Structure formats: C-alpha cells, structure tokens
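The structure is given below, and queries will be raised subsequently.
Chains: A, B, C and D, in written order; residue numbering restarts at 1 for each.
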Amino acid sequence: MPGSSFGEFLTVSTFGESHGAAVGVVVDGVPPGIPLSVEDVQRDLDRRRPGQSGVTSARREPDRAELLSGLFEGRTTGTPIAIVIRNEEHRSSDYERFRDALRPGHADWSYQAKYGIRDWRGGGRSSGRETAARVAAGAVARAILAGRGITVTGYALEIAGIRAERVELAAIERNPVRSPDPEAARLMERAIEEAKEQGDSVGGVVEVIAEGVPAGLGDPVFDKLEALLAHAALSVGAVRGFEIGDGFSAARVRGSAYNDELAMDGGRVRSRTNHAGGVIGGISTGERLVVRCAIRPPASISRPQRTVTASGGSVEIAVEGRHDPCIVPRAVPVLEAMVALVLADRLLAQAAITPLPPHPGGG
Amino acid sequence: MPGSSFGEFLTVSTFGESHGAAVGVVVDGVPPGIPLSVEDVQRDLDRRRPGQSGVTSARREPDRAELLSGLFEGRTTGTPIAIVIRNEEHRSSDYERFRDALRPGHADWSYQAKYGIRDWRGGGRSSGRETAARVAAGAVARAILAGRGITVTGYALEIAGIRAERVELAAIERNPVRSPDPEAARLMERAIEEAKEQGDSVGGVVEVIAEGVPAGLGDPVFDKLEALLAHAALSVGAVRGFEIGDGFSAARVRGSAYNDELAMDGGRVRSRTNHAGGVIGGISTGERLVVRCAIRPPASISRPQRTVTASGGSVEIAVEGRHDPCIVPRAVPVLEAMVALVLADRLLAQAAITPLPPHPGGG
Amino acid sequence: MPGSSFGEFLTVSTFGESHGAAVGVVVDGVPPGIPLSVEDVQRDLDRRRPGQSGVTSARREPDRAELLSGLFEGRTTGTPIAIVIRNEEHRSSDYERFRDALRPGHADWSYQAKYGIRDWRGGGRSSGRETAARVAAGAVARAILAGRGITVTGYALEIAGIRAERVELAAIERNPVRSPDPEAARLMERAIEEAKEQGDSVGGVVEVIAEGVPAGLGDPVFDKLEALLAHAALSVGAVRGFEIGDGFSAARVRGSAYNDELAMDGGRVRSRTNHAGGVIGGISTGERLVVRCAIRPPASISRPQRTVTASGGSVEIAVEGRHDPCIVPRAVPVLEAMVALVLADRLLAQAAITPLPPHPGGG
Amino acid sequence: MPGSSFGEFLTVSTFGESHGAAVGVVVDGVPPGIPLSVEDVQRDLDRRRPGQSGVTSARREPDRAELLSGLFEGRTTGTPIAIVIRNEEHRSSDYERFRDALRPGHADWSYQAKYGIRDWRGGGRSSGRETAARVAAGAVARAILAGRGITVTGYALEIAGIRAERVELAAIERNPVRSPDPEAARLMERAIEEAKEQGDSVGGVVEVIAEGVPAGLGDPVFDKLEALLAHAALSVGAVRGFEIGDGFSAARVRGSAYNDELAMDGGRVRSRTNHAGGVIGGISTGERLVVRCAIRPPASISRPQRTVTASGGSVEIAVEGRHDPCIVPRAVPVLEAMVALVLADRLLAQAAITPLPPHPGGG
C-alpha cells in the first residue's frame, strides 16, 4: 500500500533501483492453473529493454527474468509469483557529476524534498528501469487475460508531432519506433535522430487498445475502469496526459454527436459508434477499449541547462550518458503492461460478484 | 475497497442512489483538532446543487448536509465523519419510460451487464447525484488543507469550444458558468442555452489549480501524485481526459523547451517555468499544481436517439426531464473536491514518513 | 482503511459515537440479487440492544435501523448499503462527573494519549454502542451466507467461572444470558445479579460456531481464516483472548492426539475428529468452525476505584449509571456478526479464484 | 492485498515455497534514514533457521539473506527493501511418498480444496519456511522501533505442559528451547527429546513482551492494537490461541480485581497493575505489552496415522523426514517479528495523526 503496489485483486509490488542489485516484482492474486513460462515474461521484457535499436539508450542490460516462486509444472499455483531482474551494467560513474546538481526535468529536487535522502546514482525509484518490473508483471496479467480471449496492443500514434495516418497492427513490431503506420514510422525515426544529434529529445502519444473485453468490468464510482486506467497510465514516469475514447475532443462536440447509439448485433447489445472508447459510467461496454497517453520528451539532454545544487549554488549542466532521445517506443510495452494489469485486476474483481465461466486453461 | 472508497490515509466511502432515501459519505482518517462546521460543508454543496441558474438542471434539491459523527465542540475528534444528504425531489416517474430502454451515452447497458440487476429509477450509483457526497467530503479535505495554507480552485477553462482568454479568480463565482474570463463567460452561457433550445448538450474543460502545496507530496512509483489526481478526475462520470501541466502539448515539444530549469528564490529551490504543473516524478515540486479535465456533453438530450431495450428490441427515445445541458459549471466544485481529497490524503501520507510541523489549528 | 473499516471484499465502515447523533455503517461489496429486508437487520439489532433483561444495561435505546441505500425491490443491487441507527437516550449528564477523571479499565487515558482531544461524553468510538453498527452489518453478511447454507451461532459458554455443561442450541435464546445449558444459565444469571448488587461486574467466554462452511475459504499466509477471525474477535472491546478449535489445550497434548485423521464419508473428505476447529493452515476444512473468545468483566463498576485526572490529580471514583454488570449476553450477537463478516468476506474472496456455483437467491 | 501482504503503513509481502528457488519478502513503507545492515537481518534469521540444536529439524538451510534494494550507504532510502533467501537443501524426494496422501494435521486437504492444484513437494505457502521471510522483515521493523527505544522479546513460557516459573531475559538465548527459566528449560528439552524418541511431537506457549511502547498506538475500532496482534499471531501456522494481558483468566475475575487503577508516576500516567497487558480500548497505554500464543504440536510425526489420498483411497502413513518435534523454540523469533511488524506499522500510522518527534537516527 505504501506506493509501490498496484491492483487490488491482482496486486503487483515492485522493488529496486536502477543502480542497486536488482529490480523485481511480486505478483499476488494470480488464480491457480494458468499456463505461464519464463519465456512469456522474457518476450515482453525484450521489447522494453534498452539497446534494441538506434533510437533507444545504449545501456546494455540483458534484462533476464528469474521466476522465484508461484509456478509448478508450467502452471501458476495461486501463490505469489516473484520475478527478479538483475542490474548488470549500472555505471554509477555516469552520475558522479550529478551528485549535487539537481537535474532539470528530473525528480531530483522533489525526491530530495520528500525523503531528505537521495541515492544520487541514477533516478532511484523514479528511474525508468523500475518499469522493467511492471512489464514482467504485465506478462503475468496477459496470461490471465489470454484465457478469456482478451488481447492488449499498444503503438506509437504520434512522435515529435508526426502522427500515424493509419493503424496496421502487423506493422508495429517491424519498425524501431513501434508505429502502426510504416511511412510515418520512417519520419518519426528521422525526427528522433535529428533531435538526438542536436542534444535534444522528443515526445509523443501512445495509443493502447484492448480487444475482447467483456461488458461489465469496472465499478460505477471511484474505481471506474477509466479511472484505474488513468491511474495506471499516469503512474508511468513520462506520461502527462490521458484520454479514453474521444478524450479531449469529446469536450468540443454536442451530445447528439457524442452519444453512441445502441443496436442489436448477433444477439448482443453493441454500439454503432465507439466515442466512449469501450467504457461508459466506469464499466466496460464490450466494445474495443481505446486509451491514449501523452509522453513528454525525456529530461536527460546533452544541451546545457541552468539549475541549482542541493546546497543552493547555481550551475549549468549537460546530461551526457546513455539516454533515450525518445522514450515512446519503449513506453509501448510498459503501457500495454499497465492496461493488462488493470484489466486482469477487474476481471478477477468481477468474478467475486458474478461467477465467470471456468477458466478453460484451469485444471 | 470494493469500489465506493477513495484514499488511503484520508478515506472517503460514499453511498446512495439518486432515487433512494439519501446519498452520503463517511470520511475516515481526519486528524483530530481540525476546525470544521456544517456550514463549511454546506457552502460547497450549494455550489454543486441543481437549480442554481438557467444553465443547470431544474431539479430542486436543497442538498442539506447533516453531520452525524466525528465532531465535538467545533473540531474534528479523529473519528469518522458521516454526512447524510437526503434526496427530496426524486421523481421516479421521470424514468418510468426508460424502465426498459437502454439510454445512449448512459451506463444503463454496462451497468446491467455488470450487476444483472438495475434500479431503473435514475442512474443508480452512476448518477451525478453521487458527487454531492464527494463535494461534502471535499469540504472536510479543504479544512485539513486550510491548516497548511493550501487552497484549491477550479473553473471552466472552456465550454462548447469557447476558451477563457484570461484567468481572473475573482470572476469565477460571479458568472453562472464559473468561467475565470467574464467575457468568455457570456459566450459560454449563450452556447449552452443555444444547445438546450436545440434539445442538445455541450461539454468543456475544467482546470483546477492548487496553491501552497509543499514540495514532497506523492510517491515515486504507482502512487505518483499525478496518477492519483488522474484517478480522482476520471472517477467523475463525465470526465474523458486528464492533463497535468502542459499535458498533451508536452508530447509535441522538445526536452530543451519542456524541462523546467531550477533557480534559487528567497532560499527556496524554485523552477523558472512550470511546464510540469507542479509535479515531477510523481512528487510535488512546491510550484502551483495545474490539472485539466475534459468533460463530455451530458448524455441526456431531448433529441431523438435510436437504441435498444433490455430485452433486445429497437426503439427511439428522447430523454426529457430536468437535465443539465452542460455539466461543466457544476463539475467545478466536484473536481475541486477530488483534487482536495488527493492532496489531503498525500499530506497525511507524507506525515507518516517525515513529521510535518504541528497543525496550527490543532489543540 | 484508517481503522474504521473491516474486510476486503465485503467491506464494512462504521461511524458514530455513543453520544452523538447516530451510529451507522456502510457495507460495500455486497453481491447483487441477495434477498434482504430491514427486518433482517432489526432482528439482530434487537438481540444486541440494551434493556432486554435484568442482566443488561437499563439504557433504553430502540436501536431502530434505517436502510438508506443499496436495496431495490427487496434485493441488494450490488451498491453500498448504508444503515443508520439514531442515538436516542444519550444522557451526557451521566458523564459530566468523568469530564476530567480517567476511568480505570476504560480507554479514557489511551484515547487521550492518542488523539489529544476526547469527547468525554461516553466512550467515543470505544463505546460498546459502536457494535450496534457491526451487528447491522453482520445481518447483511448473514444474508449472503444464507444463500450458501452457512449459519453462524454464538452462546455464553462460561460466565463468572460457571461453564455450560452441554450445548442445546434451542436453549440459547430462551434464557437472558444466552447459555446453551438451561441449568448453567440459572447459575450464571444469579452470579451476574450477585456481582451487580455488590457494585461489581463479571466476565465469561463466548463460543461461536459456523455450520456449512465449505472447504477452501481463507488464505495460507497472512490472511489465514483463523487470523481474520482472531482480528475480528479482538476488535470487539471486551475480548482479551481467542481460541480456534482446541486452542490453548492444543499446546498441552502430543501431535498424535491432536492431529485430525482423515476419512472418506459419503464421497467427501472428512476428519474423524475436529481438534482443528474447522481450519488447517489458514484454510477451512469443511468441518464445523469453532472459536472461543474471552470476555473481561465490564470496566464500569460502582465500587470506588483510585485513579487520576487528565491534569494529573489523584481522585477516587465510582462509575454509577446504566451499565451492564456482564457484557457476555449482548456480546453474543456482536461476535456472531464478526464471524459472519469474516466468512462472507472470504466467500467472496474465494469466488475471485475459483467460481462458486451461482447464488440460488440471485436473479 | 490478496493474502500475502501484511501491514498498512509498513507493508510486507512475502513470496516463495519451501521447495521452490527461494523465499523472500518486500518491505515497503520504511521511512528514510534508518540505519540498517544485512547483518541485522541475518542475526534474526539465524535464530529461526533449522539445525540450530538437537531439538530442531536437521534440515541444513544456511538461510542467507540477500538485500536487493532500498539501502544506500548503510541507511534506508524510503523505498522498498527486497530480501531474498535461497532454498538450498530442499529434498523433494522426502515428499515423493506424500504426492497423493493428504497428511493429517497438515493443510494438504484444505489447500487442495482451495486451489485445485497443489505443489506436493512440501507445504507450499503453508510451509514453516515462509516464516523466514517474516523474520527478515521483522528485523527491518526492529530497526524502526530501535530508533524509538522500543524492544520486543519472546520466549517459551511453556512446553509440553512444563511452565517457566520465572522470567530471566538473559537466560533465553542460553538454552536451546528459549525458556526464560533455566531449570524449566532442562525439563522442556527432555520432554521434547522423549516425544521425538516416541515418534511424536509437543506444543507449548510463547510469550512476547514489548518495552518502551508509547501510549497512543492502535485504533479504537477494527484496528485495535490487540486485534492486529491477534491477526499477526494467528497468521503463524502453528498458533491456535492468543491472549493479551490476563487473557482467558480475565474472563474469570471480577471487574474490581481486573481494572488497572491509575496513578501519576514521575509526571506520567501509569497503571498500578497491568492486567490489560499494555492495551486498553485498542490503544496502547504506555505499559509493557504482553501477549501469549498457544502453539500446537507439529503435524509431522513418524507414528503411523490413518488418512486418505487425493483420489479417495484409505492409507496409513508415517511422516519420516527432518521435522521439528517441537516448533516452539523456532517460533519465538517468528512471533517476535510479527509483534515488531505490528508495532512499527502502528508507530507510522500514529505519525500520520500526530507528528512524532524527529527520528534520532534520521539524516
């Protein structure tokens, strides 16, 4: 509960700093009998790890997952699954210079104000490295969702102001920026490289969709599905905005244009349009879930910036080191993981209200 | 925990439906010794209640708060504060027509899918009426914040596409739409009336700011301050998007333009700009907190819409009744309340880590 | 979470002081479709209220329950059920004398140390009156359990050192002390009256059993069923000890005598004995659940006792007023309620893991 | 929340099975700046590990703690502390025989009923081995308490019906049964050996005391200090009963004998006696905290017992292997850890209400 846990029915608790021995996660509440392997976890981790391409950090972390508990003969046992990912290439020396300087855009100052003590070797818990633990947990959530036919997919909808004009899901993993539009992908990649050359960084927008979500997930008041998704999204360091369905555009149209009319389709209640993005009144409608997250440009840039030291002096710094000029491509699996965690959590929550059909993968 | 509670240190649990006997809230975790009166609660409730002006619902609810516990001689005692607000003018007959029809844009269908049972007399827990309980709880949170010099203020930044060009806090409560720009206010009001005449509805954007927030509130991982604020915001029925600081605009600028440089100011670390909106890495910076929420147009419109009945038939309906053509003005105190609840919760959370100075209002 | 809530899946939050306007409770997490009426709640409240017989307090509280939400057409809707019980006969004047004196055996001193402020008119939240709210919530839990064929029954196993020699469930409600042994009942009643005449008070032991509990409820680690039951029991003011099954006797026998051997019985795994009291390793076995709670003698006695005032002076006091000379008979429904709340909570928890068969009472 | 976590402000989440790769724990909510080393953790682990003496299991686990996060330069950083303890000598072959047989007294049957899947190699999460993780977490709690001058000490008050006649704290760690009475210790040791020779096992009673607990910890309703302690105690596998202060004896005396009279002592409110065991009305009084736990005899005995197999057959089994004939000596550090965790949790909880003085060990 004290800040490092997420989820009520499927609870993940992450631990670890970027410059300590390891990062990791304990996933509790996983139903027994779900097929799961270390490879399932590794596959997602590989999509997040640094050094994948020219547009990501050159830090070379193998990000090898070790599963310490909760599995027996290829299935979950209903007990907590602990996953540890050792930190291998942490060069504290990269940070020696910032021992005193409070880096602009980083949490150095707010962190210092909160704790009165700060491990200056990297971002501590604010480091993007903590998200490796989330991606590992997300793979467990995906395994739960898979048994219900629910899939979660994310992609770079926009980078450096360049927007994908079309969404081809098959294209996403074929380009280094994870754009669903191969042509936009090339422009996005170029924009990132240009910023990098100029010692600068760029942001973008990640869209995550989920297919197969049954109607009835989420709660009508504080734990609205969109509220949990917003919480999940904004808990990822670089995210500064969140939309569900039409989002901010919904504020600019009339009710007659926004309301999704209902119709029967194959015996099911369906909506003719999906301005709501799959959730109305906090509860899923059975339509495709659609959320978008605004990602700010990374704070670490090699252009000089003015700032202060912890002791109050003025200083100009340039954050050299192995940093991502754009975090959007690596944020995609992280945000997918967060969406998967919310959906799996609410799937289990709903089971406590109305029994779900038996899990097809269960013993 | 099962969906009707919010906050960990300051926990609010709301109850009640729009067409039952009452709505209400229990606020637990309030520190002892805080000055609080029923008038403090009533003042905020009066800003939310229907029938305030021509642009709100004509339902005439006095929304009279009764405080049942937790106070003694004008101060909080540290025990739960229960507040009950009786429903007086609930006309179930208004809803008789919708006993079967699933209203477009409303949670009728998703609610039915979730619970298998539905009180068709209004929106049940999805009703905006539930937010009266939140506003009452928010008044308690404000009393806690007041002792620390923290204030929370919201306003209509945008309605029906019309944006406030300037922010005059003194202007907000002087116009029925709660715009901080008196001229924009007139245009907004006209736009709402126009939509209403056409049997339609409009949305907008609410901005909420908090002054006096100390640096150090919030947590670096899942309970980032912005994550809790996003959760709080999206838990309000009509909200479809959330931004902190520059929000989605941050996705379109470079790091060198986005990062807030730091400087000393009167012995304090301050940032020269506030693109971050007062939170970096999940923890408050001591700068002004700035969030924005996108509000969709109300679902209840008198223009005919096509939909289905619970039993699968097709039907065309027009939602007559006493509905708001724009919820933005009444959403202002609700979103203020949610922001106040998050800040008070994190203020208490921080006290468990590093002692805060004694509460000036305390015994 | 801040101390006034109990349960994770079925969460009860109580509020109210003995000398305020009301006590009450919000029960959240109740599945939809459960038959429930105000009479169900009132029946249990009537068993707890003061003034039932010569061995209870003469305070005359009607303890009339008002249900404010969560019901529709005689069934639960899945939304929070709020229940309010007005305080009618609270004579603060009874307490005027103790405005300063810290009563021995009461929480006056520890309460003062905790909050720094104390409503001296009665015991505040420590008052036994708060348990009326729990009994009301327990009636809701019973309704959930009833649908699964689970019943919870408590009785006075021992009062003032006099032990029931046999357990006749039908006898319990036929004597004022709620003893399952009619002969012991007479001796117990006499012992209470004798203590009362001498300005003193007596304690006893309540045993609570539950029949029909399916195997599989509870968790293997921190939320062992017996741990939750012990938490529930010790959260009742006068309880100073807890046992499950053989309890402290188990510490004095050998493993060969304690272990319950297993055997098949009608196709089910059953244990030949039930030293474990229905729970092994934190999880129910399907056998009868048996717990016992030690109840101390009430602190309020009219014999003079030495104590101090809040300002540090010495004083001798006699606590006159309408107090129970023995709380055991009225503690029976309270402890039944607590056991019912734990069982209902774990029943719902288990549903999130393995689907329970559909609720027979459900729509 | 799903059963493997404990504590609200100081939250521990354990993971791992006796026959998997490791057991471990994540401790979240630790305030920053507390001095802590791996040796502090190892010291307590060494008191719990098997193979310490002739009266414990011969399983040779070094129980070496590895701290993966949350420390920097010898102090806590305020971030989660993850501790992993590898399982080294787990002989699954010892359990091959019990692949099908449901061992009497063990959780085999209830576990199977709960999960429908069971890792038959040992007790899974019900294994005593899980408590190593708790002891590690307890060492962290002790470090927090140390800064406030609070100490927690446990001992074997009774084994096999033999009771310690006096309490010499210095004697506890000098005898293999952890008795505070050196003479009783010899008799206890002999009784254990005798039971072991006869293929049987014995139980006992552990008493845990805490000195230096300030008045004001705990809450007046559901989270009474004694309720949390009872929850903590009964969450330890072999515990079947719990008492605070006079416990069950309190049920047999009159109020005039039970009530602790108050007196001033050196400017502080003190009680002349301590029948209450340091807690009244759920809140600590500032007196010595005293709790007792009944420990049943271990279930694993080599005497033949009748039972059934998972498939319903009858079978007679003798549980050979390296088992403890009496768990009491090793339960002492486990119960100390649980008491320390509760006290540290409530110490932090109280800080959120009324600021504690700055931590002397803090930066």
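Methods note: a residue touches a chain if its C-beta (ideal position, glycine included) is under 8 Å from a C-beta of that chain, and two chains touch if they have at least 3 such contacts.
The structure presented is a predicted model; accordingly, all values stated were derived computationally and were not measured.
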| item | value |
| --- | --- |
| Between C-D and B-C, the pair joined by more C-beta contacts | C-D |
| Chain separated most widely from chain A, comparing mean CA positions | C |
| Chain centre separation (chain B, chain C; CA means) in Å | 38 |
| Chain centre separation (chain C, chain D; CA means) in Å | 26 |
| Chain D, residues touching no fewer than two other chains | 1-5, 8-9, 14, 29, 32, 78-79, 114-116, 124-125, 220, 349, 353-354 |
| Of chain B, residues touching chain D in the complex | 1, 8-9, 29, 31-32, 78-79, 220, 348-349, 351-358 |
| Touch list for chain C against partner chain B, complex | 1-5, 8-11, 13-17, 20-24, 26, 28-29, 32-33, 66-72, 75, 77-82, 84, 114-119, 124-125, 362-363 |
| Parts of chain B lying in touch with chain A, wherever the complex brings them together | 1-6, 8, 14, 102, 104-107, 109-111, 113-116, 123-126, 130, 158, 160-161, 195, 199-205, 214-224, 226-235, 237, 239-248, 250-256, 258-264, 267, 269, 271, 276-277, 279-286, 294-301, 303, 305-308, 312, 314, 349-350, 353-354 |
